[in-house]
Amino acid sequence: MSNNIIVEREKGLLELERRIAELREASAAQPLDMSAEIAALEQKYGEILHELFGALSPWEKVHMARHPARPTSLDYVSRFDRFDELHGDRHYRDDPSIVGGFALLHERPVMVIGQQRGRDTRENLRRNFGMPAPEGYRKTSRLARLASHLKLPIVTFVDTKGADPGISSEEHAQSEAIATCLQTFSTARVPIVAAIVGEGGSGGALALAIADHVLMLEHSTYSVASPEGCAAILWSDATKAEEAAARLKLTADDLRRFGVVDEIIAEPVGGAHRNAQDVVRRTLDAVTAALQRLSALPVERLLEERYRKYRRLGEWQAEGLEATGTGE
Amino acid sequence: MPEWRSILGGSSRAESRGEGRRAKETPANDAALWSKCPKCGEVLYRRDLAANLDVCTRCGYHFRMSAYDRIASIADGDFVEIGDEIVSSDPLGWSDKKSYEAKLKGDRERSGLSESVLCGFATIGGFPVALGVMDFHFRGGTMGRVTGERITLLLEEARRRKVPCVIFAASGGARMEEGMLALMQMAKTTAAVSRFMEEDNFFLVVLTDPTTGGVAASFAFQADVIVAESKAVVGFAGRRVIEQTIRQRLPDQFQTAEFLLEKGAIDMVVDRRKLKDTLVRLLGYTCHPEPT
Amino acid sequence: MPEWRSILGGSSRAESRGEGRRAKETPANDAALWSKCPKCGEVLYRRDLAANLDVCTRCGYHFRMSAYDRIASIADGDFVEIGDEIVSSDPLGWSDKKSYEAKLKGDRERSGLSESVLCGFATIGGFPVALGVMDFHFRGGTMGRVTGERITLLLEEARRRKVPCVIFAASGGARMEEGMLALMQMAKTTAAVSRFMEEDNFFLVVLTDPTTGGVAASFAFQADVIVAESKAVVGFAGRRVIEQTIRQRLPDQFQTAEFLLEKGAIDMVVDRRKLKDTLVRLLGYTCHPEPT
Amino acid sequence: MSNNIIVEREKGLLELERRIAELREASAAQPLDMSAEIAALEQKYGEILHELFGALSPWEKVHMARHPARPTSLDYVSRFDRFDELHGDRHYRDDPSIVGGFALLHERPVMVIGQQRGRDTRENLRRNFGMPAPEGYRKTSRLARLASHLKLPIVTFVDTKGADPGISSEEHAQSEAIATCLQTFSTARVPIVAAIVGEGGSGGALALAIADHVLMLEHSTYSVASPEGCAAILWSDATKAEEAAARLKLTADDLRRFGVVDEIIAEPVGGAHRNAQDVVRRTLDAVTAALQRLSALPVERLLEERYRKYRRLGEWQAEGLEATGTGE
């Protein structure tokens, strides 16, 4: 049994999917017209789909964001016109949980950097489940500095449970590595677009998400801590994760409202993996539209607006207790 | 425009804000005059402990210090606070709303602080500085919107005045109850530090016990010089999280200031009793006039 | 002002500089038409080997390539050399003076090169670049005064013309016989690279077998992007020195391009037969016009 | 028996030193005037000293530079008005073979960085015989950048056989670490003064020696490779090290002539350790004099002159085969 409630729920649909496929095959092989039966089944399928996934709770979105079939960073990068991967932090190691390099997106040269988890156990072990070590964050900073030096806009894909919490990561100054990322993205003299495509877990996600324009997929999540972690910290009870998910305001809608996210990419009913190609296409279109707009700005204005954007988050008016920067 | 307000009058350790400021060390019963050292077990007369900067007179254990006591121990005299008009509410409407606001209220009363950081201007050994002091007694030193806003204000104002900025970090990380708005303070403070440092200003951070998570991984580890107090626990991930991940107990030394020094992460480890002298020396290198 | 001179006429692999340029692979006897692969033992017809860019047609072993062959394999056509009027003498008066000058003379004759690097301007896939190519066949690719001077000239001229600079490194390190003047070329080339890169120019280095010592530890590892040829040995200290220090044999994989990739030191490992395509792609990212 | 030919040669003097000390003691304890005997012995001692050490060959200087009693970087730093050591590369390790930090020199705030060997086996093991690992060079770069950021002049002390040639140094990209040092010192926007106080071994020494003004002690050496290494490389015979030492032109006089070194600090007969206090004092005076001069230059001029200085080394006139940059 999967730990993922979305995967569990999908199992009921598998039988229906199999039957539709069989009918289609049969229909193609014989002269009999079965289009009515097929249409009926497909309608039923659509109804069930809506019933199951039409309105997802925050907790369901947490599982959707973690869905093993959900498009990963490389699924997006592979749809760029071209990609040449660059490796390493130049000091210690190439961390496979971060992929990055030069790319062409709709003919525009960019630097792309993403967090990469695996699809299966073997790849997950290699990619450390998408949890970057300090070496990964240092590769990120290096590539961002290189992009700034070469005047290439930066595009990032965020998809991580969080930074790696292992011994050697602490020994190698994970805090410093993430802080340096934040500083590098704050000061990079080129447009930056970030897309939260899966799980956006805490500081380890933010390290790649300081951007002039932040996109977020409809069912992605982005939070100060994982719901499990939050529940453990606040109530010493990880089983209250569902409650924490609701309270953390980690959905795209919430974050758009708070001004943390600038634009939401809609997903098909049932999640991005049900029509990955379309989601990826629309995401890349949105990235390009944002880059087009941002590239027109003089660099000093770009940096000033980036500063103000983050400056506003959590800003307070002196006379009142109400925040001024919580969306609108 | 922020409004200035002096919270400390004289040059001695300020006693003006009431008992609250010695929050955690003070049991509910105000009459308690004794503290027990958690390391060596020595029972210490609280006045002696305070006179020794909250360091155990027997074994040197560093108790967690309140922001007010810290300022009194480091600043020469007056501390002019900024940003104190900015206080927290409950931006997420943390469901059972009362609980978070009640916690804030309780911590305010117990600590005498309005938030987890106290920011302002002072002199240290005669050198004018922007001074920020976090206090673990207020929501575990977690960084919420107000924490980030105050630190950002401090850095912006220090940049305007062209004075060094000294921040004492003490934090359990980002504050859960303020969600992503808390996490975004990492971005905000980092951007402010970057602007401050771009103009060749001096940024000095003192890591005190404990400094972890979002505070460690943002402005704290951006500093020009990073000093840590003896035995302070400093890291990104919490000890429990790591132990659960690797399924084994970590050595005691792990994530201590001394461990970080060996790993090259920080510049120096200093005993609290020598901290002011050290800061004065360090500030002297950039504030020193050219020899004639 | 440097004087320009074209050394390669057509767009095919230049054959104009005589047999000398295939120096080490060619035995003293010019009639020898065969080379043996040191890795798989295959006996290869030299014309086939050349057509395959000096890569063993059986196992993919990369023979060390001459600078002329390298340029022919990478540049689109014309290569306009600069700095060729600068040639080495014996600055230290290396005691038994003849030996060093005799070695230079011998290498010049055998390789057809006047020094261990050939510098000039060319296009790669249509992109104009400053191109420097070191040749291990000339004094083991060691960096002497002339090597450093030519590379510095190249970087200065590339900066003036605002074109990317591509350097193929192949070097045993600094040249002993030129003493400290050779070592100072590390300082000189590094300073030139720093100036070149300060103005947002693109610097790309290809590490070929072997790149060690003073060349690795100066301009080569300053590059924006570092590509290494498959199996090239790259490091600071020589293998023998390390083995003597640690008193044990090193694994074969140690200090190979693939090893460095895993250790995060370089950006990519490329088979020579795909190298030109890779360079054209990489250059395309910074020379690409804005989309309309 | 010591491997150091200077130490061996000094053994003959020990008996004489002991006798002079005894005489002095005796003279002080009793009314007898022994000043004539003492003077005679001291004159003899001086004569022997001159005979043994009056004119040192390059090979003898190599051993003098390696003399275990020769003042090390910390012997110089300890004579600054004040020193506050800073540690670490912020990534992996604090390398004890590099010491550095803020210091006051004749009231002037500076950043001082030096290579530090040990005086005994235990300290040598801790300090890796003064051979820095990449972490040491990264600490150096970090401190040099910090100095440039805070507008503090940089003072370095060079004393190393060379960069550490171990496995982990190669694994941690020693080449990149040294190259980054060279780049950092080339571009630091503050005056830099380097003092070659012991052995200046190859690129590992140069990494701390790119400076606006380079001082060198009279009997220090500074070379492209150790004589032993050079002999092994050129003639596959390390026993020819003495010949290599002569050919490498590694003495202060040679290097002053080539323009690699700007100023020579004289040593007492027998070497710096025979009057360390005086040598240290004169070295620090020379550093201060250089800083005084350099601090008066506008930073753009300082950087231009630094560039030209290294640019000239090995420069050639197009018409001839003679170097133009070999001295003055």
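Letters are used for the chains, namely A, B, C and D, taken in the order the chains are written, and counting of residues starts over at 1 for each.
Keep this in mind: a residue touches a chain if its C-beta (ideal position, glycine included) is under 8 Å from a C-beta of that chain, and two chains touch if they have at least 3 such contacts.
Worth saying up front: this structure is predicted, and the values here are computed from it rather than measured.
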{"item": "Pair exhibiting more inter-chain C-beta contacts, C-D or B-D", "value": "C-D"}
{"item": "Distance between the centres, which are taken as Cα means, of chain B and chain A, whole angstrom", "value": "33"}
{"item": "Inter-centroid spacing, chain D versus chain B (mean Cα positions, whole Å)", "value": "42"}
{"item": "Between chain C and chain B, distance of the C-alpha-averaged centres to the nearest whole Å", "value": "54"}
{"item": "Residues within chain B bordering two or more other chains", "value": "221, 263-265"}
{"item": "Shared interface positions of chain A, touching two or more other chains", "value": "90-92, 171-173, 176"}
{"item": "Chain contact topology (line, ring, star, complete or other)", "value": "other"}
{"item": "Sites on chain D touched by chain C in the complex", "value": "163, 165-167, 169-176, 178-180, 182-183, 186-187, 202-203, 206-207, 210, 222-225, 229-230, 233-234, 243, 246-250, 254-255, 258, 260, 306-307, 310-311, 313-316, 318, 321-323, 326"}
{"item": "Residue numbers on chain C that touch chain D, as the complex places them", "value": "2-3, 85-87, 89, 91-92, 94-95, 144-146, 148-149, 152, 174-188, 190-195, 198, 213-214, 216-222, 234-237, 241-242, 245-246, 250, 254-255, 260, 263-265"}
{"item": "Touching residues (chain side chain D, partner chain A) in the complex", "value": "90-92, 134, 138, 171-173, 176-177"}
{"item": "Footprint of chain D on chain B - complex, ascending", "value": "197, 200, 202, 221, 224-225, 261-268, 278, 281-282, 284-286, 288, 290-291"}
{"item": "Interfacial residue positions of chain D with respect to chain B in the complex", "value": "82, 84-95, 102, 104, 106-109, 135, 139, 146, 149-152, 295"}
